[in-house]
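Residue numbering begins at 1 within each chain, and the chains themselves are lettered A, B, C and D in the order written.
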Amino acid sequence: MQKPGYYGKWGGAYIPEVLYETFKDLNAAFAAAKADPTFWQEFVDLMATYSCRPTPLTHAANLSRDFGGAQIFVKREDLNHTGAHKANNVMGQGLLVKRMGKTRVIAETGAGQHGVATATMAAKFGLECTIYMGEEDVRRQRPNVFWMEKLGATVVTVTSGSKTLKDAINEAFRDWVSRMDDTHYVMGTVCGPHPFPEMVAWFQSIIGIEARAQISKQFGKLPSRVYACVGGGSNAMGIFQGFLDEPQVELIGVEAGGHGLDSGRHAARLASQDASPGVAQGYHTMFLQNQEGQMMDTYSVAAGLDYVGVSPILTDLWEQGRVRFEAATDKEVMAALELTMKREGIIPALESSHAFVQAYKEAPHMQPDEALIINMSGRGDKDIFTIAQAFNDPSWKDFIITKGAEYAA
Amino acid sequence: MQKPGYYGKWGGAYIPEVLYETFKDLNAAFAAAKADPTFWQEFVDLMATYSCRPTPLTHAANLSRDFGGAQIFVKREDLNHTGAHKANNVMGQGLLVKRMGKTRVIAETGAGQHGVATATMAAKFGLECTIYMGEEDVRRQRPNVFWMEKLGATVVTVTSGSKTLKDAINEAFRDWVSRMDDTHYVMGTVCGPHPFPEMVAWFQSIIGIEARAQISKQFGKLPSRVYACVGGGSNAMGIFQGFLDEPQVELIGVEAGGHGLDSGRHAARLASQDASPGVAQGYHTMFLQNQEGQMMDTYSVAAGLDYVGVSPILTDLWEQGRVRFEAATDKEVMAALELTMKREGIIPALESSHAFVQAYKEAPHMQPDEALIINMSGRGDKDIFTIAQAFNDPSWKDFIITKGAEYAA
Amino acid sequence: MQLEQTIRAELAQPGKDILLMTHIVLGYPSLAVNRQVIKQMVANGVELIEMQIPFSEPMADGPTIVRANQEALEAGTTVKECLAFAAEMAREHDTTFLFMTYFNILYRYGVEAFFRKAKEIGIKGFIIPDLPPEEEEEFWQLARQYEIPPILIYAPTSTAQRMQELAASAEGFIYCVARKGVTGKQTDFDASFADYMARCRRSTTLPLAVGFGISCREDITFLTGHADIGVIGTATINLVDAQGPEAVGPFIAGLR
Amino acid sequence: MQLEQTIRAELAQPGKDILLMTHIVLGYPSLAVNRQVIKQMVANGVELIEMQIPFSEPMADGPTIVRANQEALEAGTTVKECLAFAAEMAREHDTTFLFMTYFNILYRYGVEAFFRKAKEIGIKGFIIPDLPPEEEEEFWQLARQYEIPPILIYAPTSTAQRMQELAASAEGFIYCVARKGVTGKQTDFDASFADYMARCRRSTTLPLAVGFGISCREDITFLTGHADIGVIGTATINLVDAQGPEAVGPFIAGLR
C-alpha cells in the first residue's frame, strides 16, 4: 500500500522535528473528523447558512451560442461568502480547529483571498488570527489587507525572499514552529506537508460533489470536459474530484502563462518544460527551480497563481495522464475576462479567467450536445486595482490620481 | 376599491403624456406576468442558477451571545450576484423586458449598485444599456463606473440639480420620453410612477418569502422583529412582505440619520420631522423638500440611502402604524459595521449597516427565545473607498497616494 | 372656454394664420430680465406667454430649461415672487399669460389656493407636464370651478383613441408635443409629422399648439396651416443667454 | 560512529567540559569572509563547524539566517562553489565539518552523488532540518553506506517516546533544539529547560548538542553539565555583520 500522504511519488511531510507532535495530533483530528459523518454534515450546514452553498451552476447561454460548440456551464464559486472557493477550505479547517481546541490561527496569503477568508473564519469562530503576506502582495492588494485588519486579523508583511506567496508560507511555518500549542496553520491550498493536501482537497470536494449533481440535473448527462485554474490547485482538485472516477470526463488544469511560456516570465509548472521535481515548503512536487534547487521568481497577472509549486495530488494525476495541463497568457486572460463580462455579466477573478481562456479555445471544436464546466473560483471585483490597471483604464487612473492628491493635501 | 397604484393616498403615476402608451403596455405586460405562474417560476429559476438564491439566513451567534438578548439572524442579500438585493429586481425586470421585446434598458444609480446590477442583466440578456449617474456619485463610486463600462454599459454623468440620485432619475426619464419604443426604464427601487412600486416590491418579495421559510425552519417560529434599511425602500419591502400578514412581527425601517436628525444633514423622511407630502419623480409620497416644494439636498455616508423620497407603499405602512421608522447616524453606522466585521466575519454595505445599528440597539432588551432578522441588503467590500475613508485608515491613504503618484508619473 | 374664445378671436384677425406662444423661466436669469423680455415679446405681437415657475425636478424639460430652473432657484427665486411677478405682468400687458410648472408647486402651495391666486392674477391656463388627467381629481374639478383650463397634451405616441379621451376633457387649446423627448432639441418636420398633426386635428375641434424644437421663421412657416399656435421655448432662452434681452424683439418680429 | 568517537575523544581531554559547534552560511557575506571567520574559529578551538549551504526557502531558520541565505544567493553563490569551498576548509583545518542545508539541495544534486562528494571532501555529518526520519528511505540507507550520519533533532515538543524512536536511528550526536521557534532568538534557560535536557539525556547515550539562542559565555556556562556541545549560530553572523570577521576570534575565545 501507498504510504499515507503520498500520491505516486509526490507529497510527503518534510517537516521540522518540532512539529512532529503537532502533525500527529492534526492527522488524528483530521482522521477522526473524516470518519465522523456528523462532521461533514456540520460543514455542509455551515456552508449553507454562512456562505451560500450549493453555489449555482450557470449556463453561459450567450457564449455557448456565440462559439457554436459545447454548452458552457460555469460553477459559481465567486458567490461564496468572501468571494472565492477559499471559503470552503477555511471554514472546514475552522471546524477542525474548534474540535482541536486551539485558539489561534495563522495563514499565508498571496492574492489576499485566502487571508480574507481566514480572517473571516477567525472572526466567526472567535479565534486570534495572524496573516502572513509578502511585501509585494501587500502593495498589490491593499484592499484585502484593509479588510483583514478590519476583520480583526493582524497582517504581517513578509520582506524575505521574493516577498510573495512562497515566502509568506515560509514565514507562517516559522510562526507555527514557535507557537504550535495554541495555533493551527490554515494552509490555503492543496500543497504543503501531509495532511494538508488531503485535507484541503477533502473540504474543496464539496465543489465537485455539487457540480456533478447539478450538471446531471441541468444538462442530463456528464460534461465532456472540466476546466479549472491551478495555482496551488485547490479549486481544481475541488471540482475534479466530482469527476475523477469518470474516465470519459476530461479534466484540464490551466496554469499562469504570464508573458508566455518561452518568456521565462510565467508560473506554469506542469504545462511548461521549466519545472522539475523538488522538495520544499514541506512536500515533494514539481517546482519552478534552477538546476541546483533554488526556487525561481515566478510571474503572473493573477497573484493567486503566482507560485513555484503545485499540489502533489495534481502532479500525480498529471503524471498518470488523468489531468491535462495548459497555460493561459496574461493577454489571453484579459481578453477572456472582458468577453465574459460583456456577454454573460459575470466577472471572474483573474485567476479564474485562466480557466475561461482554455475553455473558450476548445468550446468551438466541441459539439452542441456536449457540455463543459468552467470552475469560476472567485469573483474579479476584488481585483479592481489589478484589473483596471491591466486594462490601462484612463478614468480609473484619473480617479486614483485625484484621490491621491486629495489625501496628500 | 382603491385605485390601482395607490397605497392609501400615496403613489400614483404622475407621468408625461408621451409615456402614456408605454405605461399602458408596461402595466399590461406586468399584469400578464404576474398572472402567469410560469413567469414567477422562470424568475426563481434564473435567480437560483445565475444568482445564488435562496440566499442564506445566518445566525449571528457571537453577537446574540454578546448582547444577551434576541437571537440575531441575518438575511444574506450580500451573497447575490453583484453583491446586493438589487439583482432580484433587475433580473425580474429583465425577464419582463424580454417578454415585451424591447432591446434597450436604462437605469439611474446612486451608490452604483443598481447600475452594476442593470449592466449585468443587460449583458446577460443581450440588451443595450445606458446608466445615468450623478456627477457626485460618479466621483464617489468610480469602481462601480468601471465595472458598468466593462460590462458593456454606457454611463452618463448627470450634472444637473444636486448631481445625485434624484437627478439621475430625472435624467433617465428624459431619456425614456425620447426613446420609449425600444427602451425600458429599469427603476431601481420601490418608487416612481405606478407600476414600479408594485413591480419592484413583487420581485423583491422573494427575500421575504425565503426569510419566512428559513426562520421557521431554523428557529422554529416567527421573528419578533425585522429590520431593514430604507433608501427607496426596496430591500425593506422585499423582506417585510414575508411578515406583513403577521401582526405580531414588528417591522422596522431604518433611514439615514447622517450627522443627526437635528443637523439638517440627513436623509430621513419618515423618521424625522423634516419631510412633507409631495409629488415628484412621478409619484406622491413624503419628500424632504422646502415649504414651496423644492427638493432639499440630502446627506448620508451611504449613497444608496441618500434620496429625497421614499416608497409610497412604505409611507402608507408607516401612516397605518404597521412599520416603525428609525434613523441611524453615520457614526453609529461605522461602529455597527466594525462590530459586525470583527464578531461575525461579515461586511455589510454602509446602507445595510443602518439596519444593524437599530437591531443592535434593541436586541439587548429582547428575550433569548425571541428572534430578530436583519436584512443585509448588500456587501460592503464594494464600498472600500467610502469605508476606508470613513475609518480614516492611514495605510489605505498611503496606498492611494502612492498609486496616484505612480499613475501621475 | 374663455381661453379658446380669445384664441379664436386672434386667429380671426386678418393675416393671422398662426399665433405665437413664447416661454419664459421665471427668475432666469432674473425677474428683471424676464420683465424686459416679456415687454419685447408683447411689443412684437406674441399672443400667449407661458411663464414657468421653476421647480427643482423639471423631469420633462431638456438641458437648457433644466439649467434655467436650477439657476433661478439657486438665485433664490421663490414661488411667492413668481406669483407677484406674474400679477404685475398680467396687469401691465394685455396678453394671454399661462403658468407652466410641475404639480408639486401647486400641491405645496395648496391646489385650491393656487387656483384662487391664479384667477386673481388673471392667468388664463395651466400647463403641468407631470399631471395626466388620471391623477388628482380635485385639480380637474377646481379647474372647472375657477375656469382656468389645464392645457392637455398630445404626443406623437398618443393613439387616436387616447387623443379622443383627452379631447373629451380638454379646454382652451391642445398642446401638441412635436416629437418624443424633452424640450430644446431640433424637430424634424417630415411626413410623419404631417400625419401626426392630421391625427391631432381629427380628434378635436380645439385649437392646436405645437411645441418642442420650434426655433425659427422656417419652422413657423412650416407649421402654418397645420397648427394654430407655434410655441417658442428654448430658442428665446438661448437667445437671451447669447445676445441679451434686446435681441428678443427683432427675433420675435422676424418669426412671422 | 566515527563522529561520536571524535566527540567523545575531545570531551575526554582535560578541562573540556563542553565542546563548541559554530555555524556559518556559505557565501555570506562572501566565501572570502567565510574563510577568515573559519580560520579564527579553528584557531580559537572550535571543535565542530556547521556549514550551511544556502537555500532559497530556509523554512526553519530565523530572520538573520534567512537574510544571510538570501544575500548569499543574490551574490551568486552556487552549490558547486560551496562544495569546493568546503573541500578546501576540510583540507586546511583539522576540525569536524558538517553540512547544514535543506533537503532540496541534496535532492537536486542527486542524493547519492551528494553523499559521495561529501565523503570525498571529508564532511562528518549532515543537518537537514526539513528531513524527518519518516521521509526518503534511500537517504538513510546512503547515510549508513557512506558513514555520514544525519544528525537527528530533538525539540522541546518531542515526547519521551518520540525521543526513543529517534535515538534508535541516530548516530554521531543529537541536536537538541533549545526552544520552540526558529534560529536567532534568545532562549530562556529556566527550570523547564533543565527538565527537557534531562529527558533528552534519558533517551539516548549519544552526545547532546544544544542550539538556538546560544550567544554568550553565560549561556555556555549554563549549558555545561547539561549538554556536550553548545551551538553558536546567529550570534557569529551578527558579530561579523557588526564588527567584521576579526571580532570572531576573541568572541570564541571568550566563550569558555
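The criterion applied here is as follows: contacts are C-beta pairs under 8 Å (C-beta built on N, C-alpha and C of every residue); 3 or more make two chains touch, one makes a residue touch a chain.
In this text, all values refer to a predicted model and were calculated from it rather than measured experimentally.
> Both chain A and chain D are touched by which chains?
Expected: no chain.
> Measuring from the mean C-alpha position of chain C to the mean C-alpha position of chain D, what distance in angstrom results?
97
> So what's the Cα centroid distance for chain A and chain C, whole Å?
That pair's centroid distance is 66 Å.
> Between chain B and chain C, what is the separation of their C-alpha centroids in Å?
Roughly 38 Å, centre to centre.
> Residues of chain D that touch two or more other chains: which are they?
There are none in chain D.
> Would you give the residues of chain A that are in contact with at least 2 other chains, written as numbers and ranges?
In chain A, no residue touches two or more other chains.
> Work through the pairs of chains, note which ones touch, and then classify the graph as line, ring, star, complete or other.
line
> Would you mind giving me the full set of chain pairs in touch?
A-B, A-D, B-C
> What does chain D use to touch chain A in their complex?
Listed in rising order, the residues of chain D that touch chain A are 55-63, 66-67, 70, 73, 78-80, 102-105, 107-109, 129-132, 134-135, 152-159, 162, 166, 177, 180-182.
> Under the stated contact criterion, what part of chain A meets chain D in this complex?
These residues of chain A touch chain D: 12-22, 160-161, 166, 170, 173-174, 177-180, 276-282, 287, 289, 291-295.
> Note which residues of chain A are touching chain B in the complex, please.
48-52, 55-59, 62, 76, 79-81, 83, 119-124, 126, 139, 142-143, 145-147, 150-152, 218, 338, 341-347, 381-382, 384-385, 388, 391, 393, 395-397, 399-405, 407-408
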